[in-house]
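This is the structure I have questions about; it appears just below.
All chains are identified by letter, namely A, B and C, in their written order; residue positions are counted from 1 within each chain.
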Amino acid sequence: MLKTLYPLLLPIEGVVEETKDIKTFRLPRPESFLYRPGQFAEVFVPGAGEAPFSISSSPTDMEYLEFSVKRLGAVTSALHRLGPGDFIGIRGPYGNGFPLEHFSGSHLLFVGGGIGLAPLRSLIRYVLHPSHRSSFGEVFILYGARTPRDLVFRRDLDALQERRDLTLCVTVDEGDASWEGQVGLVPRVLQDIFTFPPSGWKSIVCGPPIMIKFTIKALVEMGFVPGDIITTLEMKMKCGLGKCGRCNIGPYYVCKDGPVFSYEELLRMPEEY
Amino acid sequence: MLSFDRGMVVSWEAFVRWLGHVRPFVTPLVRERLRVIPRDVLTPVTFKTLLFPPREHLYHYSFRERRWELCLEESSPEPAFLLLAPCEARALLDVLDRVFLEEPPTDAYYRRRRERLTFAVVGCTFFETTCFCTRVGGHPLLHRAEDLFLLPLSSGIYLEGFERKVIEGRPLALQDREETERIAASLESQAPSPFPSSLPEKLYGEFESREWESIAWPCLNCGACTFFCPTCFCFDLAVDGKLRGTMVRTWDSCMFPKFTLHASSHNPRGRKEQRVRQRVLHKFSYFPLRMGAFGCVGCGRCLKVCPVGWSIQEAVERMMCCAQDSLPASSPY
Amino acid sequence: MYETEIRHLSGELLESGDVEGIVGYAPGPLPLSAQPFLFRTSSELQNLIFNSFCGMNLARYLVALPKSAGRVAIVAKGCDARAITVLLKERQVEREKLFIIGVPCLGMLDRKRLSARFGELREGDIEFRGEKLIVRGEPVALLEFLDWTCARCRYPRPPLFDVLVGEGTREPLTGGTDGLLRLWELSAEKRWEFFSLELSRCIRCYACRNACPMCYCRECFVELQRPLFAHPAPSLKDNLVFHLGRAMHLGGRCVECGACERACPLGIPVALLTCALSEVVREHFAFEAGVSLEAEPPLLVYREDDPDAFIR
C-alpha cells in the first residue's frame, strides 16, 4: 500500500528517433500492467524527475510499452539522453482512457497534430487489431505536422498507407522540396477532404491546444454533435492520481476525470486550459 | 452537541500538569486561546504539518555498481497527540481525510501519520474578527460525540471524554453550567450567518466576471495563505539529488505563477487574476461541488498571515453580489 | 497624518484626467490595517487612508501594471520613493507615467508586537499625540513598537516626488530594537548560527520576495530547474541558498523598507540580512540605493578607475 507513488524500474529496450526532438521509448511490459488506449503513466527519470506521458502503444501490444516524448524541459532532456539498457521508472496507468463502448459500432475519424498523434496511435492500433477491427466501422485518419521533418511515427504511417480498410491523409503546414503530399493546416484540410455526412461517425482529436480548438470548430460546422467529438487534453501534472490539486479545469481533474473528454463535457467547463 | 453534562471541570494547575505529562502538540490557534500553555509545548507551524509535512520523503534512489536502486522511505512517524480548534478538526476530517484517505487511491504516507495521531478539540468561547466558521458549516463548539473535547471556563477547563484515571476533575457546578449557557448564547448571537447553499453554483457561474481582476489586484501571489491554511493540500513532487537522492513531496501553491506552467510554456493560469479566481472557486465552488463540503473552514488564518490583508470572505461576498445581478447559475454537472 | 491632503490631491489628479488611477492604501479587513488599492474613481477615494500601518511598499505594484496602462499616481513614503528611484535607474518604469505623491513618514508600527502586548486591536486604540504613541489612552514607548527598519530610517522624507504633502519628519531613533547593531557585534560564527537557526524555520512561502519592490524578475532564480539552485522543499541548505542568494541580488538595490520582514508570516528577521548588506555597500562603495536619481549604482556601472580592492 505504501507503493502509491512508487515507480517500477524498467530497462529501455529500444529508442526510435521520430524527429529531431521526439523519441519513442520502448520498455518491456510488466504482466500486471493492464491499460486502456488513452491512458498515461508517470515516467520517472532517476535523478531528473517525473513527467506524465501518454502510452502510445496499444494494449494489444503484449510484449512492450511505448511512450513518445518531445524534448522540452529538464525531465524530457534527461530522458532523451538515455538509450537501450538504461533504466527508468513507471507508475500507472492513470487517467480514464478512450470510451471504447461509445465508439463500438461507429465509424471513427481520427484527427491528429504533431506529437498529439501519440495517444491516438494507441487507439488506432487497438481499433485496427484483428481481434477488434470488426467492432468498428470505417476508419479515417487525418494527421498533420508543421513540416515533413516534424511528422512522427513515419513507419506506422507508411504501413497504414498500405492498408485498404482505412483512409489516411497526411498533411504538413509547410512543405519542403521533397514533399509531394498534402499541404495545409489540419482544420482546413479536414473540411476539404472529409465530405461524409457525420451521422454514424465519432471523431477523436488530439494535438496542440490551438489545433484542437480550430479542429473542433470545424467539426461542429461540419455537423458533428459535441458528444461525438472526443479529445484528450494535456495538463501540467505531478501526482497523476487526483490529489496534488494542479491539473484541474474547474472541478475536473485532467489526470482522473480525463485526460479524455468529450466536447460536450468541455462546454460545461470553464475555459482555462 | 451543546450539552455539557458528560464532562468534568479540571483546575488550570491540574491541566498544566497533565500537559507536561502527556506532551501533546498544540496548534497556534489553541495556544492563543489557552494562555496557560507552557512555552515548551510544541506548536507546529500549522496542524497539517503533522499529517502532511512540508517535506516528506517518499523514496530514495541511488546509482550503484552501474544500476539504479529504489527503496521506500520506511521510517514511521512518532505517535502524536494534538490539541486543535474545531475549525482545524473539521479541516482534518472533512477535507484532508477525504482527499488523502477516502478518495482512492489512499495515500499511504498520510495514512501512516494519521494512524498515529490522536486529537482533542478545544472549543472557542468567542469569535475573532477573522473568524467565519459558521458561514461554512462549522461552529466554535463543534465536535463529534466520540471526540475528546475541552472548553476553557473561568473556574477551570471543561473536559469531555477523558478517563478519570488520566486526569482528575470535579462535576460541573451551577456557575459552570450557567457560564456554558452564556457562552453558547453569546456565540449564537454573534455567529456570522451561513453562506447560501447555492453558493457553489452561483460562483461557478461567475467565472467570466470582470470583478476578479480588481479582487486580485493587491495579491502578491506568495504562498503564505496556502501554507497556513488548514485545508490546503496542493503538493509538488521533486527529486533532490542526481546520482543519489530522494523523491520529495513538498507543499505547493496554486498562487505561484509556475504552478500550472507546461513544459511547452503554455500556462492556463498565467495571469494573477486567474490564479486568485482559482483559489476562491476551488474552495467555495469546485471542491464543494465535487466532494460535498467547502474547501474552507472559516478559520481566518489566511487573512492573518497575508502581507496585504486580502480577505477570501470579502472576495466571496463581492462575487455573491455580482451573482445576484447576473443570469441564473450554471452547473458543471 | 496627511490623509486628507493625499485624498484631496488624488481627487484633483483624477478629476483633471492627469492620472488614470492612484496606487495607495485602503482600509484592510482587520481593524487598524491597510490594504494596497488602485483607486480609479472619486467615490473609491473616500476610502483612501494613510496611517501607521501602511508598511507595504507600494512601488512593488508599479512593475506589474500593464504596459497599456496610462499615468498613475502613487502614494510614496521615503522608502517607497527610494524604491521608485531604483526602478527608474533600472528602467523598469517610466518617469512620465508616474506622479509621485511624496509623504513624509514617522514610521510604521509593528502590528504583531502591539497585538502580543495589548491583545486584539480595535479602531481608536492607537493614537499619536505629536510624537507620542498612545495605546488605549496610555502612553507607550514608541521605539518599542516601531518596525526596526523605520526606527533607524534616515530617509523619512521622500528623495523623489512630484508633490510633497508635508514636512514633518524626525531623526532616526537608535538603540532598542535595532537588531542590526547587535548583529555586527557578534562573531562571524555566531552570526552564521543565528541565521541558520532563523532560516531553518522558513517554509519558502516567498512572501518576503513577493513583497519586495526590487524583486521583479519574471522567473526567480529559485524557481529554475536548469540549473537547480535550490530544491523547492524547505530545508536549511536550500533555504540558505534562497535567502543568501536573494540578499546578494539585492546588494546595492535594497532600500531598507522592511516590507520583506513585515510580510513574513513567521517573523523571520529577513530584513536584517538585506539591510546588513546595504551597510556593506555603503561602506565599500559610498552608495545608498534609491537616494539620488543621478548616482550610479555600483553594480550597474563600469568604472575604469575602480580600485578593484577585492582582487588580491
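The criterion applied here is as follows: a contact is a pair of C-beta atoms (placed from the backbone, for glycine too) under 8 Å apart; a residue touches a chain by one contact, two chains touch by 3 or more.
Note that the structure is predicted; figures quoted are calculated from it, not measured.
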Notebook entry, point to check: Which of line, ring, star, complete or other matches the graph of chains that touch?
Noted result: complete
Margin query: If I average the C-alpha coordinates per chain and also across every protein chain shown, which chain's average lies closest to the global one?
Written below: B
Check: Looking at B-C and A-C, which one has the bigger number of contacting C-beta pairs?
Finding: B-C
Checklist line | Interchain centroid distance [CA atoms averaged], subunit A/subunit B, Å | finding: 39
Next item on the list: Could you tell me the distance, in whole angstrom, between the mean C-alpha positions of subunit B and subunit C?
Entry: 31
Next item on the list: State, to the nearest whole Å, the distance from the C-alpha centre of subunit A to the C-alpha centre of subunit C.
Entry: 50
Item checked: subunit B: positions in contact with at least two other chains -> 236, 238, 252
Checklist line | Two or more partner chains touched - positions in subunit A | finding: 49, 73
Next item on the list: Enumerate the residues of subunit C that touch no fewer than two other chains.
Entry: none
Notebook entry, point to check: Which residues of subunit A touch subunit C in the complex?
Noted result: 49, 73-74, 77
Item checked: Of subunit A, residues touching subunit B in the complex -> 1-7, 9, 44, 46-51, 72-73, 75-76, 87, 89, 209, 234-236, 238-239, 241-252, 268-270, 272-273
Check: Taking the complex as given, what residues does subunit C use to touch subunit B?
Finding: 28-31, 33-38, 56, 60-61, 64, 120, 203-207, 209-211, 219, 223, 231-235, 259, 262-263, 265-266
Check: What residues on subunit B touch subunit C, complex-wise?
Finding: 45, 54-55, 128-130, 214, 217-218, 220-224, 226-228, 236, 238, 240, 248, 250-253, 256, 258, 272, 303, 305, 307-311, 313-314
Checklist line | subunit A partner contacts - residues on subunit B that touch it in the complex | finding: 58-59, 61, 63, 67-68, 70, 72, 99-100, 103, 105-109, 111-112, 204, 207, 233-239, 241-243, 245, 247, 249, 252, 254, 259-264, 266, 268-269, 274, 278, 281-282, 285-287, 289-290, 330-333
